[in-house]
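I'd like to ask some things about the structure below.
Read from first to last, the chains carry the letters A, B and C; within each, the first residue is number 1.
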Amino acid sequence: MKAKKILSLVLSLLMLLSVFTACGTQAGEPNDTATAPASSAPAQSEGSSEPAKLSGDIIFWHSFTQGPRMETLQSAADAFMKQNPGVKITIETFSWSDFYTKWTTGLASGNVPDMSTAQPGHVSEMINAEAILPLDDLINSIGRERFYEAPLTEMTADGSTYAVPLYSHAQVMWYRKDLLQKYNLQVPTTWDELYEAASIINKGEGGAVFGCSVPMGTNDMMATRYLNFYVRSAGETLITKDGKANLTSQAAIDGINYWVKMYKNNSPSDSINYNVLDQATLYYQGKNAFDFNSAFHISGVEANRPDLMDYIDCAPMPTIKKGDAQTGYETSNIPMVIWKNSKHPEISKAFIEYLYQPENYVPFLLSVPVGMLPAIKEVVNDATFNSNATVQKFNNALNVISNAVGYGTAIGMEYGPRVEAGLITSQGVIESMFQDIILNGTDVQKAAKAAEDRLNELFEAAKE
Amino acid sequence: MNKHKKLLSKITAFSFVLPAILVVGLLLLYPVASSIFYSFTSKNLIKTTYKFVGLKNYIKVLSDSTFISSFLTSLKWTIFSLIGQVVVGFTAALALEHIRRGKGFYRTILIIPWAFPSIVIAMSWKWILNGVYGFVPIALVKLGIFSEIPQFFTTKEFVFATLLFINIWFGAPLIMVNVLSALQTIPKDQYEAARIDGATSLQQFRYITLPHISVVVGLLVVLRTIWVFNNFDLIYLITGGGPANLTQTVPIYAYNVGWGQKQLGVASAVTVLLLVFLLVICAIYFRILNKLEKEGPQ
Amino acid sequence: MNKSKLNRSLLTDSISYLYLTILAVIAAFPLLWIILSAVKEKGEMITNPTALFPKKLTLDNFRVVIEQLHFGSNMLNSVIVAGCTTIVSVIIAALGAYGVVRFFPRFGKVMTRVLITTYMFPPILLAVPYSILVGKAGLVNSRIGLVITYLSFSVPYAIWLLVGFFKTVPLEMEEAAYVDGANRLQVFIQIVMPIVTPGVIAVAIYTFINAWNEFLYSLILINSSNKMTVGIILKSLEGQEVMDWGVMMAASAMVVIPSVIFFMLIQKKIAGGLAAGSIK
């Protein structure tokens, strides 16, 4: 009798245990390979091209969460693993907005990947936190001279380059040819012309299409981006040479006033909360006449409103006065980094180098044609790249953006990489300022000063 | 021998509670202790070195006008949400108790919101009330109630009320279900007796219904107060605290400071202050509850 | 007299029905709208936002969710995590609650107060220490790490609810069993547990729901999409490169419909259980 009871107890305990192990085994991470011998360090000796024996597991975080971009990277990883049987690459993806939370919390808890993509602004924060490795050896091995100069400079601090540019794009002005024609308008070349044109279309369409949506959500950097366009086109910068926020320059005040006016008259009220995706979706759906974005708009429109593909195009950034030099650009050079915590930096390096081989690199770029411009010079002449149908159809866009890439930098990086550039885009301070002006009617000068102080305070705190 | 047995019995008794003590100790006391510790340091989320700064973080937080306004928003958010949830949940339970036919049907429909995870709540309401493509705003215009599309998430007049509405929508069913089952524990003959004595329905409610359910409702209110005050997901997922910080509660503020600005020391100070505040509130609640329990039935 | 009473009850009846009907429409509309939006074709949601019923039914959105996003495995993750959390915390809590009621009754009241206090630690305060703790244990990005953090909110709540139930167990029955030579664990499993089963089921359901709905910890602790719970996958849909409300609604429908059915099936159990426990 007693034995039976004990038996039943043991059995139930066993069941419990099996439940535990069930979640345990499925959850198990292949961490055991950490002890595997790192048999060699390839890609470090310059010019050695014979495949060295690699073994180990790496984790690769990127933020290309869907579609062909994700697939091309996955298939490159698969091919690489086939060539190097000892290597396992685990790819984990997050959207841009989650990415920041992920790596910051990851650093706090000692859980970062081996390699990842990054936002240009984040790279300086990563360097500042001493979280990533200098990659000069890798860049030299790929060939430093093959990269464009500006992106490399953007990722160089104290003489070391910490990230490898993967692709570039620049923000330009997108418009709708059909709408311009309908209202008999020319492509605007100044900010005033843009406002006029947007107002005419907004009025004419009566809510079916908005003139020019102005996104200001605090969970993204969109309002900072829009303000930066204006400020840069006036030859000013949002961060001064000595690393202070500058929202009270005449250009900045004018810019704030300009976008507030645009928001009030030609933008959906909802856009005060918009992030980059909400904003882009509006254009993809054919509900926004003028928008600022990179050539990612092409594939977005293609997916949502293929009927509009013949009516979209882009133009250089408007200027303050007619005939001014077009300088209001923001260029994004999306890089890859290798984390200091990595046990196998040599595998990450070998894999990155592998990604830049034309048979991998060109299909990756073409997964969002025109959207991702090559970081390596000779691709411009690549036959496969140039024979792509979208590249040919949007040749004008390609030229406009290629030209823009050369002029712009990331927001706040006009004077080189700095932590402040990351903070000005990641904290929603400028977005809050816009919301405050619009919803609370706060005086523009006062709001700008308050936001400027707030940013400078954050800059100081980051240096502590 | 006997002593030995006594010791053994002590040990078995203790081993019953040991796992629970371990969980509570490790999973709650450690993080709280570490938060209190960090609140006196300059700890940055992604840096390893930090130094002691004394009360600097607390002074910084308490003198930050954004914190003060977040705290007021939190109070507003908690109080109005709870009043709304209790009123709607309570009246719905009374109405359900009153009707004879269709009880099960209504009851089943009315608990639907409770089954929504916060992310689905956020997505569905953001979609329904969307200022460009949303069903409700556009329908309101078509019905002639508004002349132009009402903006539920972007205007000063609406955004907070919209969030409150969603929170009440979500929270009322829980109150309703619990009040309903408490109502069912009231012996029917008490009403019978009261009716014979000529008591009005209002009197019946005051002297029979309320005393019976006050303890359940009281406990629920305690739990919901804490839950609503601490709630992060709902607001974070719907508005993220915006626009213009109009819906920023203390947990959102702490998140922005700790993750956005990565000032973990300051964020810890915020959460410690939050904890202290809730402790005080709960002490008051327990006072009231004690009184209720003494007055209650049985 | 009789007639006016009848009239009055007719009036209160119709008010009750009207009130409940309005509430029911508000309560059910989001669910309805999620489903209707999910089966509409891409253009229709945008071009005709107020059309209740789709012009043409399509299951394309569901196909994307299942085939491209592999939503099924995320559903399974949620079930595994919530299920493990429930089993583990109910066991720990039942032992603990019984132990306190029987062996340490003097601490009973103090302890429940302490437990309520732990319930009010803001989860946001716990997030960073947890990610460090779980990171040190090597359990980041694992479901087991998630289950452990979930114990932090489920165990105190479960103990607190269960204490009420265990107080209802008559001591005489246990004493009789001791006389028969049973030990404490046997008494607990064979005598006490059957009596409190309804309460335990109610507590288990509450725990399951809370774990199923948890968001913050899984957002921070899980990295691989094949280990994510449904909530996090849904969140990540919002951050896609092309926002697709149809797909988002289809995914939401897949999360919420099973939950609603579950709630409808168990509604009697949760309500009765909680009230019976907390009243005592």
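Note that in this section a residue touches a chain if its C-beta (ideal position, glycine included) is under 8 Å from a C-beta of that chain, and two chains touch if they have at least 3 such contacts.
In this text the structure is predicted, and so the values were computed from the model without any measurement.
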item: Selected interface, A-C versus B-C, where C-beta contact pairs are more numerous; value: B-C
item: Chain whose average C-alpha position is farthest from chain C's own; value: A
item: Separation of chain A from chain C, taking each centre as the mean of its C-alpha atoms, in whole Å; value: 37
item: Rounded Å distance between chain B and chain C, as computed from the means of their C-alpha atoms; value: 15
item: Per-residue overlap in chain B, given as positions that touch at least 2 other chains; value: 45, 264
item: Residues of chain A engaged with two or more neighbouring chains; value: 101, 105, 108, 287
item: Touching two or more other chains - residue numbers and ranges from chain C; value: 46, 91, 128, 132, 185, 235, 238
item: Sites on chain C touched by chain B in the complex; value: 12-13, 15-17, 19-20, 23-24, 26-31, 33-34, 37, 45-46, 49-50, 91-93, 95-100, 102-104, 113-126, 128-130, 132-133, 148-149, 151-152, 155-156, 159, 183-185, 188, 212-213, 215-216, 230-231, 234-235, 238, 245, 248-249, 252, 255-256, 259-260, 262-264, 267, 270-272, 274-276, 278-279
item: Residue ranges of chain B touching chain A (in the complex, touch as defined); value: 42, 44-47, 130-132, 149, 151, 153-156, 239-246, 256, 259-264
item: Of chain A, residues touching chain B in the complex; value: 101, 104-105, 107-108, 125, 129, 131, 207, 216-219, 268-270, 272-273, 282, 287, 426-428, 431-432, 435-436, 438-440, 458, 461-462, 464
item: Chain A - residues contacting chain C, complex; value: 2, 5, 8-9, 12, 16, 19-20, 22-24, 26-29, 31, 59, 61, 64-67, 90, 92-98, 101-102, 105, 108-111, 277-278, 280-281, 284-285, 287, 296, 299-300, 303-304
item: Complex interface listing, chain B residues touching chain C; value: 9, 12-14, 16-17, 19-21, 23-24, 27-28, 30-32, 34-35, 45, 88, 91-92, 95-96, 98-99, 102, 106-121, 123-125, 127-128, 133-135, 138-139, 142, 169, 173, 177-178, 180-182, 184-185, 215-216, 219, 222-223, 226, 229-230, 232-233, 237, 251, 254-255, 258, 264, 267-268, 271-272, 274-275, 278-279, 282, 286
